[in-house]
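Following are the structures in question.
Across the two complexes that follow, chain A remains constant while its partner is chain B and subsequently chain C.
Presenting the complex of A and B:
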């Protein structure tokens, strides 16, 4: 177990600022996920922690010890690469034993450790095979095994599941999580897949353009995204953003108003939104916060015209027109919704999001 | 209408010939036929003719008659032939060994990331793209007993009292031709191996870094095993070309002094073309073949086992 701390870490490649002012402390035994679109600097950050990449500014500490200039082997970390990076000419056994042999561990201890780890991962039968004689999922397990067998202080994962098919990915996600529960080793996991991040992370770091956007527990980030980027990146399907919605004040109450829609704002937000009265903001509504309603006069009721219906099993995604805007709603699969018909929707008012149109920061 | 055609003689012929063509192998054979004929004319014919000549006493300008193994037997009793065999093996072993070591080393160095690597890589290619005849002449000049620039330089800065006779004494001449061969052959190893090194996944080295491997361990446990198949092919080619060399030595020493630098190629040429004894020359060059055949066989066996 170990604590990993980054203080104002930055990385420049020539003129490209890949990572900037990255400050974060990862607790003992925590499973931390870095998530963000491709090119946002996740891999670079991970590689700096591993010691595979020099850092341009700031400092990295593992268990309170500054490791800026420590070579990878002395940081007591293990890394699982996106392409697995298995030694192609070595058997599975030798792949897993390589690091242990270099540590001059006695032969029978190596044998025992490798067999135990392989047993845990269900790859005991493949120990004599070469990587090219394995399926993608099996290679993945070997890559994991090579990391686990060394019992490092910190695990680093760089999109380890992205080369697997969807079904296997879900299964491995679960297994990784179980492994982590069992070993409780500090882990840093990089992915571009927000579902992977949500399901696996004790905490999530959302990144964009080399900068941290938000750090927090998955649900906290989902419920309270700090800015428009995070709101759009986390959650599937993506949040609807209604630009140019106005905050209007009527008889002491606040409403967000746009063509064909007038949503009362919960009292709890009054204080934060009152200064915006009469101004345009960006309103955010998650598709799952729009359900089918029955009372056209209820607060939050919205009349909409259905353009596309996409059933996905547990929900139906409908693409609707409200005023002159298109919104996506995720409604109950029991609905009898039909294309080219009117539908009455009901917005969950307490879950509305409001963003400043310039700074894109969340207002509440 | 269509039935009419099918039942007519032409239609049936067409149908059956299409059948014949589509049978496995026939079409393929026809497509490769032009290439086969060219190979047969350009490679097999001279090869077979050479073997045949080695069993005759043909002299230039006069067709000879079959003499059985007598060319071979007389070679076995010839000191020059045995000296040549030694020279050829020496020339090949020493030159290929150093070409491999230096070429591989250079490949590893040039494979690093550094400023101006494009230019340096291009320069490394030079010995390879200059025609051998030209570079051999240049070296002939460099090694010349009177005008050698090396001697001039070393005498000038006082490292030498008397000039070195590069091609004039047996030991020096042997080393000189080997040296030129190495100079010329390094780029082949370097360029070939560099291409191979670039195909090795960089993250293997990173995984090894994390596993705690030193540069030497990384070379021994990753680079070497992964480059081995390519290395063995390149080495085989180099053995073939060095063993069957001719131009370089012929221009530099013509096999002298005292036959010290004669290899099979030059001795064969001297006997057959310069001396006119085609039969004997052919018998000498026939010795090149089995050695090369065996080295190719070993390599292909090795590659089969690896894969």
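Presenting the complex of A and C:
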């Protein structure tokens, strides 16, 4: 168990600022997920925590102790690499026992711990094999086992599931989460997959261009993204952004208006949005906040023209035209929606998102 | 079906066969000449490609009238020592340049490469001065120490390429597990680079086995000569070529190298292609 704290950590490769002003505290036993598009500095941050990369500025503390210049071996951290990094010339057993042997642990204790961990991961039968004789999923487990068997203070995972096929990925996601519940060790997990982040993280850090965009619980980030980037990155399918929507004031009420759509704004947002009356903003609507409606006069009703219908089983994604814009809506699978027909949609008004067109910050 | 076999023969086996013939013919010629008497060798009426009367007279000449076995041993000694010196140095150099990012490491790599480009015909005069000053003139150690001047750059480059194919995460993972650099080098890098090391070793061994210029320059005593120099200086007297013993010497001189090659051929191929299969 350990607390990992980063204060204004930065990393420069020559002229490239890979990570900038990264400040975050990861609590004892927390499962923290770093998520962001490729190249946003997730791996670099992880490697700085591991001590594999010198930091250019700021400081890193583990359990309150500054570790900026501490070599990796003295940090008591285990890392699972994206390519697994198993030693090809050693058996699974030797791969897992590697760190324990270096710690000069007695042989029978090594044997017992490796067997116990292998049993937990379901790889007991493969202990005598070499990595090349294993499937991708099995290698993944060995890589996990090698980290777990050491019982370090902190686990670091760098996209550990990205080389697995979709089905196995979902299964391993669940197993990792269970393992974490059981061991409760501070873990930092890097992924570019927002679903992985949402499902696994106690908290999520959304990153872009080396900077933290938002930190929070998965649902909190989903419900209240702090800027347009986070709103677009978290959630699947992606949020619809309607640029050039105007905030209009009528009889003391606020509306967000675009061609073919006039949505009343909930009273709770009046204070924040009043200064924007008469100005253009970016309106964000999640596909799942657009459902099929029945009353054309109800608040939030939108007339749309269906262009594409994509059933995915538990939902139907429809691509619709409203005015001159295309929006995606996720509606109930019971709907009898047809292509090239009109449909009446209803927006969940309390879930609308508003962004400043210049700063892209969320307005409410 | 028949058609296919024919095209395969024409496009694959025929060119391959011709190529083999071209490459192996000198060996056959050495072999045939070795076992012919002078009388048969110089008789133009006989078919020169066949051996009509097997004779061991050339072998007797080679083994009893020249110190051929001694030359073989000398060559072996020089090849082994210079290969070992070069390999151990190159392993450390290549690892350092490739993996420890010290200041100027890439410049160093390029520098070593340029060393390789300087031809021995330019180097042997300054090297001769050094050999004299070190009192190594006419000593096999002169060759053992001088061959690495071209072997080390060569092996270093070959090994750098090989190390580059080993994922650096392997080392990082070991580092986090508490292994030291040296430990990682011995337990992770060396075992994984064995094919590369072997092929570098084979190359180094062959290059020193066949080396001629330095061996000719720095050794003068007959008993200290290597095979390549010994044969030419002792079996060509003025303008008289003792073809029989010469060819016998060439044959027996190339056998060890051929053996080494055939023994390690698989590693050798893997080493050249730098393939590290997981």
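Note that in this section the second predicted complex is superposed on the first by the 364 of 364 C-alpha atoms of A that agree within 3 Å, B and C clash if a C-alpha of one lies under 4 Å from a C-alpha of the other, contacts with A are read in each partner's own complex, and residues count from 1 in each chain.
Heads up, the rule we're going with is that contacts are C-beta pairs under 8 Å (C-beta built on N, C-alpha and C of every residue); 3 or more make two chains touch, one makes a residue touch a chain.
Because the structure is predicted, anything quoted here is derived from the model rather than measured.
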Since both structures carry chain A, what do chain B and chain C do when superposed there: clash or fit? clash
So in the superposed three-chain picture, is A:278 touching just chain B, just chain C, both, or none of them (first/second/both/neither)? neither
Touch test for A:99: chain B only (first), chain C only (second), both, or neither? both
If we overlay the two complexes on their shared chain A, which of chain B and chain C does A:131 touch? Say first, second, both or neither. second
For chain A, which residues belong to both interfaces, chain B and chain C? 50-52, 71-73, 77-79, 81, 83, 85, 87-89, 98-99, 102-103, 146, 150
Sites on chain B touched by chain A in the complex: 201, 203-204, 206-213, 217, 221-222, 225-226
Please give the residue numbers of chain A that touch chain B in the complex, ascending. 50-52, 71-73, 77-79, 81, 83, 85, 87-89, 98-99, 102-103, 146, 150
Touching residues on chain A, where the partner in the complex is chain C: 50-52, 71-73, 75, 77-79, 81, 83, 85-89, 98-99, 102-103, 131-132, 146, 150
Chain C residues touching chain A - in the complex, by the definition given at the top: 167, 169-170, 172-179, 183, 188, 191-192, 276-278
